[in-house]
Amino acid sequence: MRKRYLPVSFFEIITIIIASMVILLISILTITIFVTGVPYLGQALHSKEVLFSIKLSLYTASVSTVICTILAVPTAYALTKTRFPLCKIWQTLLELPLSLPYLVIGLGLLLIFSSKLGKELSRAGFQVVFSTKGIIVAHIFVNLPFVIRIVKMSFQEVDMRLELIARMLGATKAKCFWTITLPLAKNSIIGAVILAWSRALGEFGATLMLVGTTRMKTETLPASIYLNMATGDRGAAMASAVILLIISVAAHFLFHFIQIKPEKSRIKVV
Amino acid sequence: MRKRYLPVSFFEIITIIIASMVILLISILTITIFVTGVPYLGQALHSKEVLFSIKLSLYTASVSTVICTILAVPTAYALTKTRFPLCKIWQTLLELPLSLPYLVIGLGLLLIFSSKLGKELSRAGFQVVFSTKGIIVAHIFVNLPFVIRIVKMSFQEVDMRLELIARMLGATKAKCFWTITLPLAKNSIIGAVILAWSRALGEFGATLMLVGTTRMKTETLPASIYLNMATGDRGAAMASAVILLIISVAAHFLFHFIQIKPEKSRIKVV
Amino acid sequence: MIHIENFTYQVANFKLQNIELEIKENEIFAFLGKTGSGKTMLLEAIAGFYRGNCGAIYISGKDVVDIVPEERKIGFVYQDFGLFPHMTVYENIRYGLKMHRVEKSKMNLRISDMAKLLGIEHILKHYPATLSGGERQRTALARALVLQPRILLMDEPFSALDPGTRSQMYQLVEQIHKTFACTILFVTHNLYEAERMAQRIGIMVNGKLKMVCNTDKLFQNYEDTEILEFIGGYLNDNGTDVSKIERRLNADCTRLQPDK
Amino acid sequence: MIHIENFTYQVANFKLQNIELEIKENEIFAFLGKTGSGKTMLLEAIAGFYRGNCGAIYISGKDVVDIVPEERKIGFVYQDFGLFPHMTVYENIRYGLKMHRVEKSKMNLRISDMAKLLGIEHILKHYPATLSGGERQRTALARALVLQPRILLMDEPFSALDPGTRSQMYQLVEQIHKTFACTILFVTHNLYEAERMAQRIGIMVNGKLKMVCNTDKLFQNYEDTEILEFIGGYLNDNGTDVSKIERRLNADCTRLQPDK
Amino acid sequence: SKENKQTGQSKELEGKKLFVYCGAGMTKPFTEIAESFQGNTGAVVEVTFGNAAQIISQITASEEGDLFIAGAEGELDSIRDDYIADVKNLVKHIPVIAVQTGNPKNISGIMDLGKEGITVVLGDSDATPIGKIADKALTDAGIYEQVEVAARTATAPEISTALSLGQCDAAIVWKENAGIEGVEVVSTTDLDKYVKIVPAASLKCSKNAGVLEEFLLYLESDEAIKIWENYGYEVVE
């Protein structure tokens, strides 16, 4: 098809200018980090410690994101699609931790898991404080409110009529959820999951408080960055940051393939 | 209308159980914080320093959220609705900072604003490092990628056909944006704004790095929490956390009134 | 089979008022009425979407709203189709069969048969957003018919079709009615359609079911001015029959016979 | 006025093929054709939604795709209405007027006039999701008509209406056509409608514009088997005129005259 | 003789555990010390590094762990009574005046910090020991009021980062924090009287008394002291 050159409106030009500005701003940030970190990258990638923290970060971020999704989706469903009592109040409650500094979330968790109950749990084998499990717990508490909110909103946007139609065609509530509600909310949910995973990868405040930073044990990439910065090793810190960025880019391309495009409309807007 | 008692399905019961569990988990966290902090609340509210940091936190979080929205909405528009070149690449680039620890974002910003350019800016009166402006800048960089992503997704969900129909009725691109695209994406955008504001209120890592924590000058509520924790004053720290929670609840009720419900469908799902 | 007992349902300014109707097993019943008179709402009420302010609707003796939707076994062709946007035409039609755990080979056979009968085989892989109006309508029909439901509710099911395709649909529905013995209620604005298909006709006026009669007795009872006005609509504005052209068409070209 | 020059547009398996058509200023033209034959797509192409693979469509001498949509001054009534879900009926109708900066008092007058003519005053405050099919269609009509566009494209604009309301719409559109001198192209499955309103009729078959003729000459040219088959659809399956009932209706009750 | 002692006890400590909190500034030397003790004895020493706020919160909330290596005695104040069993001095923690490389503003001692046009960055006076020291030193020098403080920070490494990026002209920092690019130490004796001691504080909640005792002994060994010295710390006489 021939290319067309319709006049670009003033409005579009402004948005494009702002977009370029924003892109420039954020590029400057990432480029600064790259420039500072890349010279130390080779060294970092040869360090057993860094390799360990890459693995630990990937593992904990992935596990916590999966658990988070598994908890958030049913919760969002219960809050939007069932006759759950006092919905409004629970929703507010669930979103409260969003405004807490991660440090406070970490401290709160530390208090909980150091309580009698927590110590019982620990004795029963579920040790959280100062252990790898704690990283996952911290990530979950940091991300859960946020994922629940996005998933809830996407469920609310799903046309109730389509769900009813599916029910009339013989779908039970569960089937209707899997075949209609979930697929129609899919893009938002995938978006939320990517965000949660990214956040988990970079999360730091809550984890540090709950599990500390014991080398080769609870040292995630952000923890390693923190330690390097505390000892004045800015290059090494930024090298770890660059590794985070590289993982992030890779993940984006991966997710890009999973995320199926929305169904095209008949008309291509002119 | 009479109440009806249709059987609740097994599937629903499971989701309700999971939801209750999640609510319980998060309640335990907030209750722990409340219980620890409330006894010190009165004292905190009489402290000039705490009152200062409440004001500073509210001010910086609000300003940064407004700026963030003003930047994110046009950027998302340019990336989804105009023929902006290399969209995919910019989108990935914009989301990279999501996985960076806030600490690194803060350090990156410090590096940028300590460069020649940054020092020129500072001389020209736009001082960022160690100043209140820096808090706002840090919040913006922390939240921007995240708000852009949510707004972008909500714009993508808006039916292109309705936009075209509006154009055919005489709306310019700009008018079409204000009357169709934006209202239809409104709920998601409000959601993103609330999230960003909450995040800004609790953000700490990037701010710490960029502006330090000078008492009565750059001491936000999270900074005050941190300082209190360093002096072993957990009660006072948690009191500040409780203040954050109270602000958060208040904001939720406020936003609740702004957020207009989506148009009801004819049918109420049975 | 279907027993509507003094059913009343109010929403905003509109009120379905004291509907009384008894539909026999295997009957075909047509609703006529002005636009906005409540035909769709009555059909939806029969499907159990609304609990009445008073009265109730019973299907085989059970209040329909007390049956969970998936067990009502009602096929519904919606006026605006209600296709699943994330599924192809094929997947839309298959949906109900899958939910009823129909065996795979049988399922494919039934779908391809139905698609052939409705003339939509060529678009089975397309998504609803790309379909033409008539294709959407036939997909909605196929999705309901393929389940061979006990009760079939159809809301203006042929409105987007050309007369040729439409008369094929009449045959198809009649055939399904004969083969699977189902009760059919449908809404139409087409008098020919109503008489051709239905045994009885109900006329809705302003939320009330003003008149119910056998199709052949439709023109014998004109006391009510509202019904008079409605039926009058079927004349053109000069008071003459709207079908002038069709009549001439028939006179002009008797040699024009459809292929079969 | 509208000049379609060898326009071809292919999407997936479907192809609008070498459309040639010249529409004169102030003409009313009707498209007929089987479902899926490309009527909607052709109308959309005329509105400038597609750039052809070859050929072009000119409006007053300008390629329509090179005019930005807001300056095309084309009123479009969409087959599936395309109402704005977040606006009330009133706001939907007002939309175009607002975009054209019509003065407020004039605007309100025009909207209330239009609503009265279309019989939708009682639902002006309702949202599209709560409307009946016919109410939606009339809202879509009102939104397009209230702007008094130079060119009016209507895709099956009366399909969801009962015959009474429909004939009021005919009068309304005719009146608008007379008063504001606009060019009207519309799609319909109703032969009566086509003859009643249009000066010329075009028949679409499989993406091709097979035949264009004056309305009164429609039944004089039957070489083409595809057209023959299509026209044959207007007979019922016994080969007799579908309008049997309407004819009887007319005979039975000549006293039935619409109110005005 | 010490080596003998250790090899003699290595079997005994195999599989035993010690949990140590350590100030993040001392990450490098202390990691090495912990590793060598582990190598010598077979005991597992887990060290978690953090800043003062975090560690204090961790100790008071979890009531777990055996030993706290703090940046200065002062950091122990808030937990001394309730959580600390015993304190042992390890090495000197030396505050210095740091300036940008090349000393462009010609700062030669603490009095220069009060000069017009010199900006300094200091630690928070309550939350960080280094901030407390700075306040005390400046007050003692009588220039506390004159000093133009650009900012206070919540952790020690932030101070030298700011200095290295040219955001201020001078700072009072720990010696180990001053070893980064773009920063040099002013050679002056002005801060000598503010030298602090890095304390090793045994915690009351310790449940590994045996290993803890061994580890405290090891901290006094030549081997451990050598490691400290390698990283620029000075031994307490």
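Should a chain be cited, it is by its letter among A, B, C, D and E, assigned in written order, with residues numbered from 1 in that chain.
One rule holds for everything that comes next: a residue touches a chain if its C-beta (ideal position, glycine included) is under 8 Å from a C-beta of that chain, and two chains touch if they have at least 3 such contacts.
Note that this is a predicted model, so its numbers are computed, not measured.
Farthest chain from subunit D (centres taken as the mean of C-alpha atoms): E.
The most distant chain from subunit C, with centres taken as the mean of CA atoms, is E.
Taking B-E and A-C together, the pair of chains sharing more C-beta contacts is B-E. For the pair subunit A and subunit D, the distance between C-alpha centroids works out to 50 Å. Centre to centre, using the average C-alpha position, subunit C and subunit E are separated by 83 Å. For the pair subunit C and subunit D, the distance between C-alpha centroids works out to 25 Å.
Contact with two or more other chains is made by residues 49, 68-69, 130 of subunit C.
Multi-chain contact residues of subunit E (touching two or more other chains) are listed as 51, 54, 57, 61, 155, 161.
Under the contact definition stated at the top, the residues of subunit B that touch 2 or more other chains are 107, 111, 161, 164, 167, 172, 226, 229, 234, 265-268, 270.
Those residues of subunit C that touch subunit A in the complex are listed here as 47, 49, 68-70, 72, 74, 76, 78, 82, 84-86, 95-96, 99-100, 127-130, 143, 147.
Every residue of subunit B that touches subunit E in the complex is listed here, in rising order: 107, 110-111, 114, 119, 129-130, 208-209, 211-215, 217-218, 223, 226-227, 229-234.
In the complex of the two chains, the subunit C residues touching subunit D come out as 11-13, 32-36, 40-41, 79-80, 122-123, 126, 130, 132-135, 138, 155-156, 159-167, 170-171, 189, 191-192, 195-196, 219, 222, 228-237, 239-250, 252-254, 256-259. Taken together, the subunit E residues at the contact with subunit B in this complex read 51-54, 56-57, 60-61, 77-79, 121, 124, 126-128, 149-155, 158, 161-162, 165-167.
Across the complex, subunit C is touched by residues 161-162, 164-172, 175, 179-180, 183-184, 263-266 of subunit A.
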